[in-house]
Amino acid sequence: MALKTGQEYVDSIKALNLKANLMGAQAEGLPDNPLVSPSIRAVGLTFDCAHAEETQELFRVVSPLTGGEVNRFTHLHQSPQDLMNKVIMQRYCGHATGCCFQRCVGMDAANAVYSSTFDCDQAHGTGYHRRFIDYWSFIQDNDLVVDGAMTDPKGDRSKRPSAQADKDVFLRVVDRSPEGIVVRGAKLHQTGMLNSHEIMVMPTMSLKNGEEEFAVCFAVPTNTKGIHYLYGRQTSDTRKLEEIGLDVGNPLFGGQEVMTVFDNVFVPLERVFLDGEVDLAGTLVERFAAYHRQSYGGCKVGVGDLLIGASALIAKMNGVDQASHIKDKLVEMIHLNETLFSCGIACSTLGHPTPAGNYEVDMLLANVCKLNVTRFPYELARLATDIAGGLLGTMPPAQALDDPQTGPYIRKYLAAAQGVEVVDRMKVLRLIENLVAGAGSVAYLIESMHGAGPPQAQRIMIGRQADLEAKMARVRDLLGLTSRV
Amino acid sequence: MALKTGQEYVDSIKALNLKANLMGAQAEGLPDNPLVSPSIRAVGLTFDCAHAEETQELFRVVSPLTGGEVNRFTHLHQSPQDLMNKVIMQRYCGHATGCCFQRCVGMDAANAVYSSTFDCDQAHGTGYHRRFIDYWSFIQDNDLVVDGAMTDPKGDRSKRPSAQADKDVFLRVVDRSPEGIVVRGAKLHQTGMLNSHEIMVMPTMSLKNGEEEFAVCFAVPTNTKGIHYLYGRQTSDTRKLEEIGLDVGNPLFGGQEVMTVFDNVFVPLERVFLDGEVDLAGTLVERFAAYHRQSYGGCKVGVGDLLIGASALIAKMNGVDQASHIKDKLVEMIHLNETLFSCGIACSTLGHPTPAGNYEVDMLLANVCKLNVTRFPYELARLATDIAGGLLGTMPPAQALDDPQTGPYIRKYLAAAQGVEVVDRMKVLRLIENLVAGAGSVAYLIESMHGAGPPQAQRIMIGRQADLEAKMARVRDLLGLTSRV
Amino acid sequence: MALKTGQEYVDSIKALNLKANLMGAQAEGLPDNPLVSPSIRAVGLTFDCAHAEETQELFRVVSPLTGGEVNRFTHLHQSPQDLMNKVIMQRYCGHATGCCFQRCVGMDAANAVYSSTFDCDQAHGTGYHRRFIDYWSFIQDNDLVVDGAMTDPKGDRSKRPSAQADKDVFLRVVDRSPEGIVVRGAKLHQTGMLNSHEIMVMPTMSLKNGEEEFAVCFAVPTNTKGIHYLYGRQTSDTRKLEEIGLDVGNPLFGGQEVMTVFDNVFVPLERVFLDGEVDLAGTLVERFAAYHRQSYGGCKVGVGDLLIGASALIAKMNGVDQASHIKDKLVEMIHLNETLFSCGIACSTLGHPTPAGNYEVDMLLANVCKLNVTRFPYELARLATDIAGGLLGTMPPAQALDDPQTGPYIRKYLAAAQGVEVVDRMKVLRLIENLVAGAGSVAYLIESMHGAGPPQAQRIMIGRQADLEAKMARVRDLLGLTSRV
Amino acid sequence: MALKTGQEYVDSIKALNLKANLMGAQAEGLPDNPLVSPSIRAVGLTFDCAHAEETQELFRVVSPLTGGEVNRFTHLHQSPQDLMNKVIMQRYCGHATGCCFQRCVGMDAANAVYSSTFDCDQAHGTGYHRRFIDYWSFIQDNDLVVDGAMTDPKGDRSKRPSAQADKDVFLRVVDRSPEGIVVRGAKLHQTGMLNSHEIMVMPTMSLKNGEEEFAVCFAVPTNTKGIHYLYGRQTSDTRKLEEIGLDVGNPLFGGQEVMTVFDNVFVPLERVFLDGEVDLAGTLVERFAAYHRQSYGGCKVGVGDLLIGASALIAKMNGVDQASHIKDKLVEMIHLNETLFSCGIACSTLGHPTPAGNYEVDMLLANVCKLNVTRFPYELARLATDIAGGLLGTMPPAQALDDPQTGPYIRKYLAAAQGVEVVDRMKVLRLIENLVAGAGSVAYLIESMHGAGPPQAQRIMIGRQADLEAKMARVRDLLGLTSRV
């Protein structure tokens, strides 16, 4: 089947006729809703790029599953070069959209489930891997968007799943039959859920014996009965609803966050990829997390590119681009952004094949990558705020520019360097505001902190992966130590 | 005259009947407008604190000008203890409101104008100081709020005022008569302008011969003919207009930013405190800036207290308050916040009397204080984001909690530690969101960067004030150097 | 009795005829030993400053104990101004010497013991306070140097004192008689011990019931029988022994670290200030630590001044002082250094009287001060290294400058800006090397980390002192929360 | 010719019979001098690794120049994998030696000269490339060590070479004949010079017309007439001369820094690779710098591994390895170290072929790599100092351990966790001291700052390489801007 265009993709999502609670009311026709459309437009770009001349080589790849050409966003990586291309593609999309384009999570989930089902079958004699190959071939053939759903609500974090007052705060199997299973629970922070054709659910953490009911992985269409969507708020989100678009900051693209409730949802057996094998839960979580932590070394770098560009441009517009401290701040922004990119590239190029055959990132460096992502975008945002100036927080609204009395005042007093239209200066300021304190900051800052797990999760993995024993052994050897420690 | 209560203050502002362009339309009745009322409520607290039992000792002080008891926010500081009490009072207000309470700028301007007019009279035989004493006695007697207006639009920053395509981008005297002067221009970033009775205008930077028209300092009532107000936008500002208040984050208080245009405004002579004495412009700017940079060592620390409290509370609510990494992050937040406070205190206690008799902060340490304020709140916000969790960017709106279908899902799945009402958890998350990415972030982050001047302005002052010569001299002496460098 | 001069002080130390193991051999005549003399010279400066015209006002103070004029280094602080003057005096000495001048620890110990003995007498009906007053009056009258000894070796840090394989790793009382007690143990990191007339020993940490033997505080002369001194090594210490002095970096001053062993030392009763009252051990530790953490906001700032001066001077010598990035780095050094000073000042000015009558620093801010000291000197050293250039690590030795063949090459090729003698440039580089990687770095970096306790000790105190409950209470109140957390 | 063993290499250096001014005196027999031997031992390891079973695959590579197997340290990189293997090899050597192993600079110079001579021949019709191929084939065939010499003394940095009072502060051609050229000048910071068979000299910066005399690149044997060596000092260097070796920290390996003077040295034509083509000077500098900045992403990471290992081990020895703050600091050290490694890997894997055929690193990312190296090792050293404890600066010397009186005290009081020999604990502390404040800190800290150019040099390159124009273009496009800026 042919690779979809952006328009074909949007049409296919419209055909699903998804419903969601949007700002407190049940809503349909989501792709046309101005709160939602910027986000679906961002996903659409991942389809159009597979057709545009300058990007199609990067975005298309031949699938070993189907033998056909697929969008790289559905690819199972076959080499370090594939892993690197993934990161480069993500940086491209981030730069182009200035937001989260939402399609990575399914790609990352698929690569993790592919190798984990293989390992599960090896360990337990199950048949999940074949099932998953069939399922994913269907995804590739139809060029679908899959949401990867991991984060359980978790209730009281000091308690295990079974010890919760309401066990449903961890999604779990509540019934089963020869045809399939019934699940109940919720997944939080589902970026792009309503722009997806399918949901793939994974456990949220390592599990142990006695916690079998929570060890479940499966996929269902997004319009499956019993699934309910609560659209999340973002700071400044309602600017998307304003008639005059200037204040929205990013005129085309945006993100989407959804709380997804599974209210006794039936999953047919052929869509179940883990069911009770608790020893694989941690494996699956670690692998998905590692792929997704790698992703941040691409997508957030792209958004960083846009923020750097906007900062450089506003400096020119303000007439300060030749000031040494401004140039120095731009260099610092570039330096931090490229450090993130370096981490994304390094964990890719040092990737290795799994027993299942696809390639996995270097676990240590992928976690290092993400831990830096929990830091540097904040400093980039701080520096952009510094360069942009106080107008970032005090500029009059777009409507005042159209007002016959105040419009001339704005044009007179916000004029800056020669050749700059005041409205252009306002647009650049609003774009920066969007990324450092507006709707875009949800993806650029909050998601950089918590997406693919919070910093402490990366620290734990870094501690585990670093082989401190070997480092201590070299010291013992160099110094000729004999102590028993 | 008696110290006003908060309510008397609000009534007195209503009586001014100010008008402003609000979201593109001319509006009246501002104090009752939900976009504005949180900000006037914050100023009102500075009045009420002069009456509340536990705070009145800190907020009341006897004025040497009038001999009467005045609100400390109108005081001319008479000792290092006065300077310290100012900072402690500001911390209190910041903690109480979680926002900018707007009344500092007039206090800081008054203290700078008081000593600068004295020096000007000494140098030029002018009579500004007496005029200012009369004016400020009137302010104290009537317990008024004065906005201090400094930031000119500046046009092309690479050019001096006279070289601008439109010289009005620096506010200037355009006409004069025996009765007074006429001024034209604009002042940006006027926090709390529409909650003020008076505006005091100062130059925006050091000036030199030939730039006399820009060397002007004066005060007028806010409802003076020819002054126009354009209400600035803040991220998420329209949440203040929503029927259900939860998502606003801070249920009571907020800030206000106004662009203020002077369209040929007449100022009577007795309200003019500088007019053409260019050598005093820099003095005035430096002094005002130093007082205002000190202020940030109080007010932002107070807001930091609230953010730390909210972070500690959400950690308890999430059930993670005993995790060592969470405790460590809270300690780090406290440490950074108290470092800011230390700087606010130190520049106060090392203050010195001016020739005019009031006390001035230590110039070097006040700039050091503010430079830290351009950094640490960003790290506090980052740590708060880390502790709060991803819900900060994905939580459903308040309306969905009231919806009969989705409300129960929210109550079920956002339940956390025992004893926590879901709505309370949402409130705390929305307060944190307000401060790190919402309307409150304008004051806590953007204003921390640019208020009282951007970091580069502080760096220049630090370089000037540090007496590098003395430091080099000690090295030469210790090492017995003879080189001529 | 008159305040000693530096020379009188040195003579009085010589008269003690102390012995120590120096580089592996038992040595006498320490004050004349070139390894030791720089350190005693630094202490001597604290005496001379009480006589020099420009400093005597700061260094002299009237003692409430004796009614006489004493050196401030022996003073019990009577006001916030006293606490501030202490910090200002320390900054002066640090700038003058570029090293640790060693006399603070006794001053800090005395102030802690003074108030703790008072509290102990109140709680337990003991008579320690009177004893201590007598003792300290003797110190003041004779203008003596007292070393404060706190750090026990601690053995296996995961075990309490009584659980150690050898309990002596915590200094303890091993015998007692009506005349006094016998103690055994060791104190590590005794800066300036061999330049002191007296040692005052304190417990190393909070203690509990059953650990009475370790709860001991006393003072003895340094030449008491049974005390053994092991002189510690510093990086590059033997440069002090070289004939040509240039490479030593600091030509006059230096530090001293001593491991002190108490091998069954008898202490007469009148010199015992705590003996078994375990509840006071923690109090004493916390108070001493707080005073000493305040000290670092003075002394290290002074050393920082010297490093900044040297960095500014080498920049001039290299001809790069007008480069914007160099100026920016110097501003950053000043900024960080003054932030430390602000913390030292703030914890002083917010000090409070103890029940005993002397003044105690603000506990929270003193710990904040020291925690910053564990960070900023490292960044100052890094920036100084950046400014100084690679010669810092590669410059030929002083002897090569005197060599007839290589001397001319050095003079030819290390010539820099006009007017700079090559030997002067080398001296400045060696001073910087001394502070960032040489003997001076022990005081400026390692001691900044561990002196008065390592960073984790400060973090624990900050967590305890910050009143998180009050911060959370304000959030609950502002948001109207009803949850029971 | 066969790949040399370490011993064969040492013998071959001995055969050169190099002389140097060592601590002020002319010395011979350098490889056996205890000041020098640790450094030659480190170079020797690069030879032995080509023979050891577990490393030979990494260290051996087939040369396209000679067709034979060569040590990778003499290789001209033929692929991104080669560039990566270089970094991995460097990390290995850094971990093994804990110091600078000195052989990278020649490898980096060769790769830069190889492609620059090719470009020069293309542009100017010169024949340098063939000459260089012949020269380098000789190096590979004989498995030689080549020092790359770049850093001129530079005199007054505010002046161009020709404007210096003494032009020789930039190495230059002072005479020429049909047989060759005569050069005069000096090169500073020549790490490992006296362990090298050959010196390859390059210009120190970009040059322009009129500066032809400074645009010179050539190679000569290290024992060439007219070359003089002044051995540089390192902090604590004389500990290498002490009889008891414990205090030296690193018992086997160390660095070496040499100031090298060219006093009218004759260079035969076939060894001249650039002579007056000023346009190539900058190219050569940039390329060499980029390769060498990449190198730091390997070697310093290896030293970091050793420091992390030592920190982890001393934590165990102190009995604090289970403390959460210690574990957290170790994770932070690993994180920073692996971030450096990621940058080293990324600039390698994104390398590209030059017109000459060898591979060049990504210029932007190589500079990003090095800029991080000017920061993170300092934080690693700070954290190691924190973990190690105050003994780092106060521990008695090794000789005191052997002293019959003090030895038992040390064994008694420095005992820590069970199973730890006191001497082992001392060894680990001395190793850490060596790296953070001793001789090893010259390579780990000072060289990390200035080696391959100081941070400002990297910032300039980052600013140039970042393509800000493309970033601004995307903003213009996304926002539909029409302004002419």
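Letters A, B, C and D mark the chains as written, and numbering starts fresh at 1 in each.
Throughout what follows, contacts are C-beta pairs under 8 Å (C-beta built on N, C-alpha and C of every residue); 3 or more make two chains touch, one makes a residue touch a chain.
This structure is a prediction, so every number in the text was calculated from the model and none was measured.
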Superposition rotation for subunit A onto subunit B, Cα-based, multiple of 5°: 180
Chain pair with more C-beta contacts, B-C versus A-C: B-C
Geometric centre distance via CA averages, subunit D-subunit C, whole Å: 37
Interchain centroid distance [CA atoms averaged], subunit A/subunit C, Å: 51
Whole-Å gap separating subunit B and subunit C, where each centre is the average of the chain's CA atoms: 40
Residues of subunit C whose C-beta touches two or more other chains: 325, 328, 417, 459
List of subunit A residues in touch with subunit D within their complex: 80, 84, 95-96, 98, 250-252, 305-306, 308-310, 312-313, 316-317, 327-328, 330-331, 334-335, 338-339, 341-343, 345-347, 349-350, 364-365, 368-369, 371-372, 417, 419-421, 424-425, 427-428, 431, 459, 462-463, 466, 468, 470-476, 478-485
Subunit A - residues contacting subunit B, complex: 21, 23-26, 151, 153-159, 165-166, 168-169, 185-186, 188-189, 191, 228, 230-236, 238-239, 244, 247, 257-259, 261, 263, 318-320, 322-323, 325, 374-375, 378-379, 381-382, 385-386, 389-400, 402-403, 405-406, 409-410, 412-418, 433, 436-438, 441-443, 445-447, 449-451, 454-456, 459
Contact footprint of subunit C on subunit A as seen in their complex: 324-325, 328
